[in-house]
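One chain, subunit A, appears in both complexes that follow, with subunit B as partner in the first and subunit C in the second.
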Partner chain A sequence: MSTLLFRSGTSWLHRANPLTKLCGLLWATTAAFVLPWPAAFALAAVLAAWGVQSGIGGSFVRRLLLLIGPLAIALLVIHGFLMHYPDSRAFGPLTFSLGGVIHALRILARLAAVVSASFLFVATTHPADLLKSMDASGFPPGLSYLVASPMLLAGMFAMRTRAIHDAQRTRGLALDGSFWTRLRALPALLLPLVIVGLLEANQRALALHGRAFRALPRRTVLDPPADSRGGIWVRRFLVLAAIMQGGLAFWR
Partner chain B sequence: MALRFRFDTRTLTLIGLGAVINIVAGQVNTWLRLPIFLDSIGTILVAVLTGPIAGMATGLAGNMVWGLIASPVEAAFAPVAMVIGLVAGLFARAGWFRYVWQVILAGVAMAIALTLVAIPIQIFIFGGATGAGSDVAVAYFVHVGRTLWSSVGLTILGSNIADKVISALIVWFVIRKMPNRLATTYTMLKYNRA
Partner chain C sequence: MALIEVTDLTFAYGAQAAIDSVSFIIEAGERVAILGANGSGKTTLAHWLAGWLPTQESEATRGNVTCRGRAWQDWPLAERASFVQYVGQIPSQQLSGQAFTVRDEIAFGPENLGLPEIEVRKRTAECLADCGLEKLAARDPFTLSGGEQQRLVLAAALAMRPQVIVLDEPVTNLDPAGCDDVLQLLAALPASTTVVLLDSFSRVGVEIAERFLFLHNGRVSLDGAAAEVLLHPDAIASLGLPSAAEAAWLARESGAWNPAAPIPFSIQAAIAAFQQVENAPR
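Coming up: the complex of A and B.
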């Protein structure tokens, strides 16, 4: 199972250091909360255009619309036609409020900017590169493992779940029928997966111990993603700006 | 005084496992078409086996990684997943994963606690909507005159209570069926295995 949103490519964004992109995501997320809503929409549009220019346009726009589309409908209905604002006036069996619509647009613009930035990051950054960057920058190995293991194990566990599903079906497990029939099938599918996972967790811990993965001095990364002194300063600037923007968002 | 805290290596591997179980349990649910999420089983399992701090870390890791690889919105709800791990761990530490009635109450407590954390996130970040089917319930409650806070709260609680009770029962079933050789390696289980 490939759950990754990553799309390979050779664009500038694909080649950029993952940690710099992560700091950029942090900056864009906090910026979305302090910018006026038209500016937040503009930020989302710029990020979407950047995604298209980077060669990830198709999946990027599709994912964005799938996520933002239902949210837009729900927000406009709830705030524009159902909630009572000072300027609400009768609109058939409902009410209509321009203030409510603007409030919905404000939230939508913020979310569009955050989601665009997130998709831009995940679609141009392979998890393995992010991990190499973390290791190369001196992050604790335990933290890197926490980020890495779910991403690396997800595919394997999905295949194993499929194998358990097929085996139990062969043995006559009913997955259709009433709610209670389907609910009773749940332990038969999950129990083998969890027990085997727990046994493997012990073995995995022993293997990590055996490799002394927390030993000092830290291991060097064989092929770390490209980084530069300028990139480090850009990251510092982005984090500082994000902290200030976050503080401003809370203060307001 | 410097405060240093570090998970041991096996707890780290368990946290990774819990985060993966949270992700793949959703796949199982697509086969069974149950009207629940099943995305907290790994969090509750790790909390029961190793304690509330590891449970919180599992919730955080699961949501952040899922946000990173598939659905960025999930990352915003990481505090909710952490609260599930915290409450499950505290109940397990108090020995409340021993009998079915205790596990059901623990599931209800998790649903109530997560609701308290999820309401402000859903309202301040998402304006009360998430783009999911449950938005229809929020819209209905708002339409009949409830405030946005109570509408979102009722919807979250209603959609989570069965999920957390069933997830907690599955974890209880797992720890009961766990081979003794494996169970004895988890010291936290001494509070919850009859």
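Coming up: the complex of A and C.
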């Protein structure tokens, strides 16, 4: 499996056209910024429930909690106890602000909705399907590649990271232990990865060129994901709604 | 008109000259092996032969490479990709990064050419079969072994139906069985396909090529048939002798070989020659 986050399945969400799901993600992201924060929380909860219903529950909820949990604690501590708000009250050496807590919850709700929607998208959409869908819809091949290749190559980079980790360990680099030990080891892990990545990027660009990538404005696509006229209209509606929501969020 | 003409090509990476005043011609259908030690300029030359130099480095210090009389820079991308394909020594770097399965990886090039779907499917199926990849068709290309990836890269190149295929140390990372597979594939290519092999060892070259060039310090110092190039002291010093030739040489030294008989270079030629010695009236 070359993708880190995708979980295969047969749910409706798995079978839905990737571009429609991408438009849905765009809509949910902008909606999170215009909805009141309790509604944004509700949106995040609905999306999480949808993930569970689609059969990606375990890893989906776990990843969500792992990302949102620490952020929630940090936001509540910073805004509730450390930052000064007009309603801040002192309790001994600490201050507490209800306004700060509500502000933290507002940020958290938006983050939760955006992260839930993103996780739901990547967990149910194989990058190759997204790529084929974009190609079949007439997007320029370069744009499709830009969107999908980071997801396709993520698995390869994960393998390479493990290989570099093992290689450095066999050379005696201490990679376990305290936070500082791990932090000190980080450059030795990251630098080879970045250097190899840059070298490979050049080689891959040449390889793509050698196989006529972007030679023509449209490619032939074998077995593109199913699409329908209704799906196209749903996408148009979602994009329009997202633009309006984005404009509203910006205007406010 | 020559198929590929390299004229006084000199190219340097900064101050470091990689190839120096190289000139030769390759005719259509020729099987050429360009041999040289590490650092002799093989990969740079291979990139030039395949039109693979990145834009910022595409200016030669001197000379150029033309194909059917046109410089690579003047070839439209689709036309060039249909004409020449390059297979390098690190297969994972040549995967598109845009295909989830082996089948998709092979189809990637023909899809880019905008070929009809039926033609893309036909080419993909043929290349899967020819390269023994049918059982791996649904696998992720990045999870294949090095040998399997090399066969995949070769299959992807062949799916473009190129007239010229440039192979840069294609069996370096393969085990003997993988090497034999690649040799069989190359032997099965249509006679009209021009094959240019660049390698540090003569083993693959002697099996497929009829003409040999010896590259030394960025210059072509020898150009001719196997006997003229591979038995030259400079080539022996750099490359050693092919195992078949070495066996025959030792046999001649020990008197078990007719001194007038030619030295064989490929395994097949050696077997035939030893059989002749065996069957000769004593």
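Here, the second predicted complex is superposed on the first by the 181 of 252 C-alpha atoms of A that agree within 3 Å, B and C clash if a C-alpha of one lies under 4 Å from a C-alpha of the other, contacts with A are read in each partner's own complex, and residues count from 1 in each chain.
In this section, contacts are C-beta pairs under 8 Å (C-beta built on N, C-alpha and C of every residue); 3 or more make two chains touch, one makes a residue touch a chain.
This is a predicted model, so every value here is computed, not measured.
Colleague: On subunit A, which partner's contacts cover more residues, subunit B's or subunit C's?
Modeller: Subunit A has more residues touched by B than by the other partner.
Colleague: Where does A:236 make contact in the superposed view: on subunit B (first), on subunit C (second), on both, or on neither?
Modeller: Neither partner.
Colleague: Examine A:216 and indicate which partner it touches, taking first as subunit B and second as subunit C; both and neither are also allowed.
Modeller: After superposing on A, A:216 lies in contact with subunit C but is clear of subunit B.
Colleague: Taking the superposition on A as described, I'd like to know which of subunit B and subunit C A:191 touches: first, second, both or neither.
Modeller: first
Colleague: Between subunit B (first) and subunit C (second), which, if any, makes contact with A:208: first, second, both or neither?
Modeller: A:208 sits against subunit B and subunit C alike.
Colleague: Let me test your reading of the model: by the given contact rule, A:153 touches which partner, first (subunit B), second (subunit C), both or neither?
Modeller: In the superposition, A:153 contacts both subunit B and subunit C.
Colleague: A:15 contacts which: subunit B (first), subunit C (second), both, neither?
Modeller: So A:15 meets neither subunit B nor subunit C here.
Colleague: Once the structures are superposed on A, label A:126 by its partner contacts, choosing first (subunit B), second (subunit C), both or neither.
Modeller: So A:126 only meets subunit C here.
Colleague: Looking at A:145, would you say it contacts subunit B, subunit C, both, or neither? Reply first, second, both or neither.
Modeller: both
Colleague: For subunit A, which residues belong to both interfaces, subunit B and subunit C?
Modeller: Of subunit A, residues 1, 127, 145, 148-149, 153, 200, 202, 204-205, 208-209, 213-214 contact subunit B in one complex and subunit C in the other.
Colleague: Looking at the complex, which residues from subunit B come into contact with subunit A?
Modeller: Residue positions touching the partner: 6-7, 9-10, 12-17, 19-21, 23-25, 27-28, 31-34, 38, 41, 45, 49, 57, 61-62, 64-73, 75, 125-132, 135, 138-139, 142-143, 148, 166, 170, 173-174, 177-179, 182, 185.
Colleague: Sort out for me which residues of subunit C touch subunit A in the complex.
Modeller: 47, 50, 52, 54, 76-78, 80-82, 85-86, 88, 90, 92-101, 104, 107-117, 120-121, 124, 140, 142-143, 156, 160
Colleague: Under the stated contact criterion, what part of subunit A meets subunit C in this complex?
Modeller: Contacts found on subunit A: 1-2, 126-128, 131, 141, 145, 148-149, 152-153, 155-156, 159, 200, 202-216, 218-222.
Colleague: Using the touch definition up top, name the residues of subunit A that touch subunit B in the complex.
Modeller: That would be residues 1, 3-6, 67-71, 74-75, 77-79, 82-83, 94, 103-104, 107-108, 110-111, 114-115, 118-119, 122, 127, 130, 142, 145-151, 153-154, 157-158, 161, 165, 175, 179, 182-183, 185-187, 189-191, 193-195, 197-202, 204-205, 208-209, 213-214 of subunit A.
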